[in-house]
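You will see chain A twice below: alongside chain B first, and alongside chain C after that.
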Partner chain A sequence: MWNEEYDIVIIGSGFAGLAAALEACKTCSSVVVLDKMRTPGGNSAISGGLVAAAGSPLQEKEGIKDSPALMLEDMLRAGLDFNTPALAKIVAERSTETLLWTIEELGVEYKPNLNHLGGHSVPRTYNTTNTSGSGIIKPMLAKCRDKGIPIRLKMLLQRFIADEKGVIQGVEVRKGYLFPNEASGETWRIRARKAVIVATGGFSQDIKFRLTQNPILTQEIESTNQPGATAEGLVAALKAGATPTQLSLIQLGPWASRDEEGFGVGSMFSMLAGFPYGILIDLKTGRRFVNELSDRKLLVDAMLNTGRESLAIVDSVGVKYASTLNKCLKRGVVKQYEAIDELAHANRIPLAALLETIRTYNENVSKGVDEDFGKPIPDDLFPIENPPYYSIRLISKVHHCMGGIQINSRAQVLNIETHLPIRRFYAAGEITGGIHGASRLGSNAITDCLVFGRIAGRNAAKERTRT
Partner chain B sequence: MKERFEGKPGQAQSTLFKAWEQKIEQSGSKEIGAAELAAFQAVFTGMIEILHNRAGAGKAESVHQLMEDLSVSALAVDQAAVCRQSGMSLVRFVYLFKAMVNVCEEYIMDHDSSIEEKILYLTALHRVADRLEYAVIEDWHLSDGDRTHDQHGTEKMRSAIFQSVGEGILLVDEDMEVVKANHQASEIYGLSRENLIGADIQSLTDRPGAEKLKAFFNELIEGQRLSAEIAGIYVDGRMFPTRTTVTRIDLDGRRLWTIVVLDTTEEKALENRLRHEKIQTEEMNLTLKNVLKSIESDRRDFEKSISVKIKTSILPGLEKIRRESDAGVRNSYLGLLADQLVALTSGFDAGIDAEMLKLTRTEIEVCRLIQNGLSGKEISEAMNLAFETIQTHRKNIRKKLKLSGKKINLNAYLTNRICEADNKENNA
Partner chain C sequence: MWNEEYDIVIIGSGFAGLAAALEACKTCSSVVVLDKMRTPGGNSAISGGLVAAAGSPLQEKEGIKDSPALMLEDMLRAGLDFNTPALAKIVAERSTETLLWTIEELGVEYKPNLNHLGGHSVPRTYNTTNTSGSGIIKPMLAKCRDKGIPIRLKMLLQRFIADEKGVIQGVEVRKGYLFPNEASGETWRIRARKAVIVATGGFSQDIKFRLTQNPILTQEIESTNQPGATAEGLVAALKAGATPTQLSLIQLGPWASRDEEGFGVGSMFSMLAGFPYGILIDLKTGRRFVNELSDRKLLVDAMLNTGRESLAIVDSVGVKYASTLNKCLKRGVVKQYEAIDELAHANRIPLAALLETIRTYNENVSKGVDEDFGKPIPDDLFPIENPPYYSIRLISKVHHCMGGIQINSRAQVLNIETHLPIRRFYAAGEITGGIHGASRLGSNAITDCLVFGRIAGRNAAKERTRT
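Then we have the complex of A and B:
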């Protein structure tokens, strides 16, 4: 029946899976992580490495007043109260503790400044020194190696195996799977003496599946995700009796570049500089149309609804926060201009309108109030007036799945019929639903994945070992 | 197709080509034409021959060496050009090529050399095959330029090949930044394409590796190729050995470098094992030599001790027997001598007996009577000697048997000695 067995079997080697593994291995010596891809890390490894934490040391240093309660409030507001408050609360409450865990236990290095991302009331976002989630994933993988936790690649989860009472016993995978060839690999069964943790992430790249949830998201709409961000892990969990929740809540990212594939290097340019320190304008009119620091949903809706082509502009002062600038320029994702008229001409923006837009915006900044769109104006925000100027052409791309399977506060997967936990079955990360509601705030996903990954790992390790 | 490498090379070649033709036939593909056969024979004969020569000599030399010997890319490109000119499509060429490689694989797997050797040959085969395939296809496209063809399809094919090669390929620009990478490179370093593209090539190796690469970048002139064994770093920090080959290409005034990386962990492990085995064998040889030496010296010691024993106890014993006229005494001496001779080779300590042989005839007689349980008085009567004389004899016997000053009863000692001698006989 079984080819192999471990105490704890974890599917997915992103933030959630690895956090679970590292936590579980503190009390359990037999842990394995499986992933279908040729490389570990999933979306986590290619993410921007932005991490939200309320009440963090940097906030204290910069004198920013924040609290888990305020973070929760932000989450619920952006999430339009679709969030499961109990779960969202856990993320907010454990955010700083978890951030410190990455620093103290993993040795993750962060930049010395905070970022203010859209939808957050205050700057509360850390960013890894290398502006990438790999700055967290690499130390996590190194730690796994250190602890002797095997990360086994090219293992595609096909189904969860349960006994007659529905208790999860193990998994059936395809060993030697070569993404995306369905026929590759051989059937292999791995038993879990304690529990199975599913952490297979979101399904932004699964065009067929996302179309079942939202008919707008056709294949014409690109995604920021890695190609393996597909739904079969989620579907396997549903077949094992998991409860689906809010699957149609799929987030598009407003900051990605039109001129490169996926998330690329442009997205971080917009997030770190273009939106907070610059303006977002409609190419046709040359006018602003939204608060650049709105949460993603509002931004995307504003960008999509009118079919606008949008451009973000920042000057040489604001651009210093863009740590990916050189790469952006090199790849032609961001263009540099010596004067506004040059920028307007190259992008076919009506010059007079653009100049007027910038003049009004600068006035607002000087006044300290954005009378037009209500963008918060912090002390380090200055008028756009110092050449050279930089611009990035934007397009919305499918980015994050807020929906997924339902878990309780112990990260147990809940059964769709009984609403009780499916025994020996845990989930964490983007595969779960309900935490972020209608719109996930930037930098909250990493916190969520790490918080619930650790909870899942700890509780799975506490399960009685089957003989 | 069970074969040994020792067979005549020509014979194996024809078997292989036959298997190849069969394979193509079975697949329902167009039969292999004479021109195709000739072209492939030209390319593969060398390879097969090398496999033969190496294995025939019974030494699984390092794969590296094998590779160096196989600089047949130019030949392959030439032959492919012939095929192309005769109207063959690239798809057909690659198909035939893959089939042939497949046949060679089966040949290696089926043949009865050790699994280690098989691995060596397979690795070698794949290295050569990948390189040939890449060279041929590059050339095919270059020469294809002036013909009308489906540009998209070709591009697809090129990318498919780029992805399917067994080695990691990275294209690096003047900032030492990776601008293109294949799946294999991703797999080798544990970094997805998204992470690999834009990465600093120096972050994929250690300090000396980075220095080496920098030196290569500076030294290389266009089209030249250099390779080195440098460390690679996996995403989790694990270091692994690689063989890295760097080539410079100049494109539209830009300098680019292709870096071909082969993870040699397995190869190295194999090499280490072989080396280890060699050391073990050498150690074993040394031990054996020492054992033989010590056996020899034991033998010499043994001979020496025997000759000493013969000189000190057996020859004097014989002399006594020669001079003795009394049959009883002579018998006693003979018995003792027989024991001594047995003890010479049986390894038993014959010390006591050797002492016994030093006794005089009278003393032996006295011993015999003591052994028979006679008292001093009885002995003096039996031998017709004064009691004092018997006591003197007793004292002398004790002295010769090295019993003086010891609390050992002579009767018990002598009886014991007899018992021992009896036991010896019984055991023999």
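Then we have the complex of A and C:
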């Protein structure tokens, strides 16, 4: 019946899967990570490398008062109370210890400044020096190599194999699978003597599946995700008795560029500079229409309702935080202008209105209070008045699945009938649901994946070994 | 293997199940309806008996311009575009023919006036003369008796039985089940030579299940539904491969009374008189805070955000539409006052603010435009000035599950992996999802259940009979 066996079988080699592997291997010598793609790291490797942590060393250094309680509050407010508070709380409480783990145990390098992302009450976001999740994934992969954890690629999950009592015994995969050719590879069964951990991520690229949850997310709406972000892991888990939760809560990212595909380099430009240090305007009117530091759902809703053709503008002072600027300029995603009238003309924005918008905004900044939209005005935010000016044309793209399968605080997958854990079955990362509610805050995904990946790995390793 | 067989096996004896049975029996002589409860009719029998229809005879008589296109527009607006437009369109397009079917084929009796329910652009709602869904369920049951369709009670669905290709063959039930004793009854298998139709309704009373979708819907939050509105039919369908859709979109009703359990008699008082002909105020401030004819989601959101302690007030002119008034007064759900100051005093409302609220509202009514909240002001809406005055204390209660299992326009259940129909498997009514999106409009449920129940019955009857 089985082709191979390990103590712990992990599906998915992104943040959650690798965190689970690294934690499990501390007490368990037989761990394997499977991934269907030809390269490891999944969506994590192409993310922006932003990590939220409440009460971090950089916050202390910058004198920013923060706490897990405040981070939780931010999560619940953005999540419109769809979050499971007990799970969200764990992410907030373990955020700093997890960040420190990436630094101390993995050697991840972060920039020396914090970022203030939308929906967070304070700046609490670290960013990898290379402005990419690969800055965390690569050290994780290196550590897995050190520890002798095999990362086996081209292994497509077909189904979870359970015994007659529903206890998970292992997985059936297609070995030698060549994405996206479904006929490729051969059937291969791997037994898990302790447990299986599913960490296959979200389904933002699975157009047929996401349409079952939200009919407006048609093919025409691009995704920031890698092409392998599809639903088969989720579906396999549901067929094994997992509870689907909040699958229809799918996040669009408000900061991606209209002028490149996917997440690209523009998304980080907007997140690091355009939104916190610039303004977001409606092309048609030249006016602001929202607090640029709102959470993603509020921003996307505002863009859909008002600023259908939106543009972020930042000047030469604010742009210094945009570490992807050169790549953006090279690819034509960000445009540079010597004067506002040039920017207005090139983008067909009513000039008088735009000048008035900037004048009012600058007054607000000088006063330290955004009287129009309530954007936080920190000390390092300055009026937009120093040429050259930079702009990015925005469009909403499918970015993150808040919903998924339900887990408990031990990362155990819960059965849809009994609401009890399915034995020897764990999950972590974007495949799980309920942590972020209706709107995941930027930079909370990596924290979530690492926190719950480690919890899943630790608890899986504690399972009694089947003989 | 099988204890019995029929051509068509229908689970659930509410609007959708009975409509399916009555339609199927036109061409198929072997139809059975199963229900787990001791009495038939499920939640439908205790509903308010409100039926939306676009382009109806009463609208023509009253000179109200309406169309299926306008009804669809209303559904999509309230649904925040979560609706599957093709399904919503079918409900709107067949609304009037379905209403006429209830009159002509079933002999249902409706009141002579239309109602204007929240979120509908125009008055388009019929109401049964007894202000209850039983006014439709009873004629449906009588018709089933006439046609020789057995309604078999105390039959609890355990699972759908499929062949090795996943084609639905029949059901396993517990016969002689005594709700809610799960150990009661004996295992009984009924084969379906043509098809199975699942019409088991929503899960508003299934606290454990609804918590998997929305963690704020705890035990403390009451439901308007009958106790049998639980999730086992939905879970069984998911285990048979159905696609869950939008399960986390669960509606709270804004019109139920704080002073009685469940849907009671107060809900219809609010819907028929309090909201359309009266005002909704915040007890604490004495002020209006929302258009009383908003859809349910907008009303509940406004009540949660602003009017936490809400009260609807109507005068002796508006109250004439409240056909449940006497029952409400008898039960103490609605209170009667000779003067506004008496009402304010009894409910601890700031009197000056309340008088000002009523004065402003009355001015708006006289002008024909609600300048404060945009409530529609039809010709039969008059200022609140004729004693006695009536008030009802409100609280939000779990009312309707917009989500459920995904169907296509033929009412076929769609497979979660292939997105193709599961063969010989149909669904209709509240167990299905995607028709109403984020907010079902009042009086659209009965229309939906009857329209898709009939579609399911008709298509099931066309299936080739297995031998």
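Throughout what follows, the second predicted complex is superposed on the first by the 465 of 467 C-alpha atoms of A that agree within 3 Å, B and C clash if a C-alpha of one lies under 4 Å from a C-alpha of the other, contacts with A are read in each partner's own complex, and residues count from 1 in each chain.
Basically, a residue touches a chain if its C-beta (ideal position, glycine included) is under 8 Å from a C-beta of that chain, and two chains touch if they have at least 3 such contacts.
Computed from a predicted structure; not experimentally measured.
**Student:** First (chain B), second (chain C), both or neither: which does A:144 touch?
**Tutor:** first
**Student:** In this superposed model, does chain C or chain B come into contact with more residues of chain A?
**Tutor:** C
**Student:** Considering only touches as defined above, state whether A:216 meets chain B (first), chain C (second), both or neither.
**Tutor:** second
**Student:** Quick one: is A:327 in contact with chain B, with chain C, with both, or with neither? Answer first, second, both or neither.
**Tutor:** Only chain B; A:327 stays clear of chain C.
**Student:** Who does A:367 touch here: chain B (first), chain C (second), both, or neither?
**Tutor:** A:367 contacts neither chain B nor chain C.
**Student:** Under the stated touch criterion, which partner chain does A:348 make contact with: chain B (first), chain C (second), both, or neither?
**Tutor:** A:348 sits against neither chain B nor chain C.
**Student:** Quick check on the superposed pair: does A:132 touch chain B, chain C, both, or neither? Answer first, second, both or neither.
**Tutor:** In the superposed model, A:132 contacts chain B only, not chain C.
**Student:** Touch test for A:39: chain B only (first), chain C only (second), both, or neither?
**Tutor:** first
**Student:** Which partner does A:262 contact after superposing on A: first (chain B), second (chain C), both, neither?
**Tutor:** After superposing on A, A:262 lies in contact with chain B but is clear of chain C.
**Student:** Using the touch rule from the top, collect the residues of chain C that touch chain A in their complex.
**Tutor:** 81-85, 208-209, 212-216, 235, 238-239, 241, 243-249, 403, 406, 414, 416-417, 419, 434
**Student:** Can you check the complex and tell me which residues of chain B touch chain A?
**Tutor:** Going through chain B, the ones touching chain A are 175, 183, 186-187, 189-192, 194-195, 198, 235-238.
**Student:** In the complex of these two chains, what residues of chain A are touching chain B?
**Tutor:** It comes out as residues 37-41, 45-46, 132, 134, 137-138, 141-142, 144-145, 151, 226, 262-263, 265, 327, 330.
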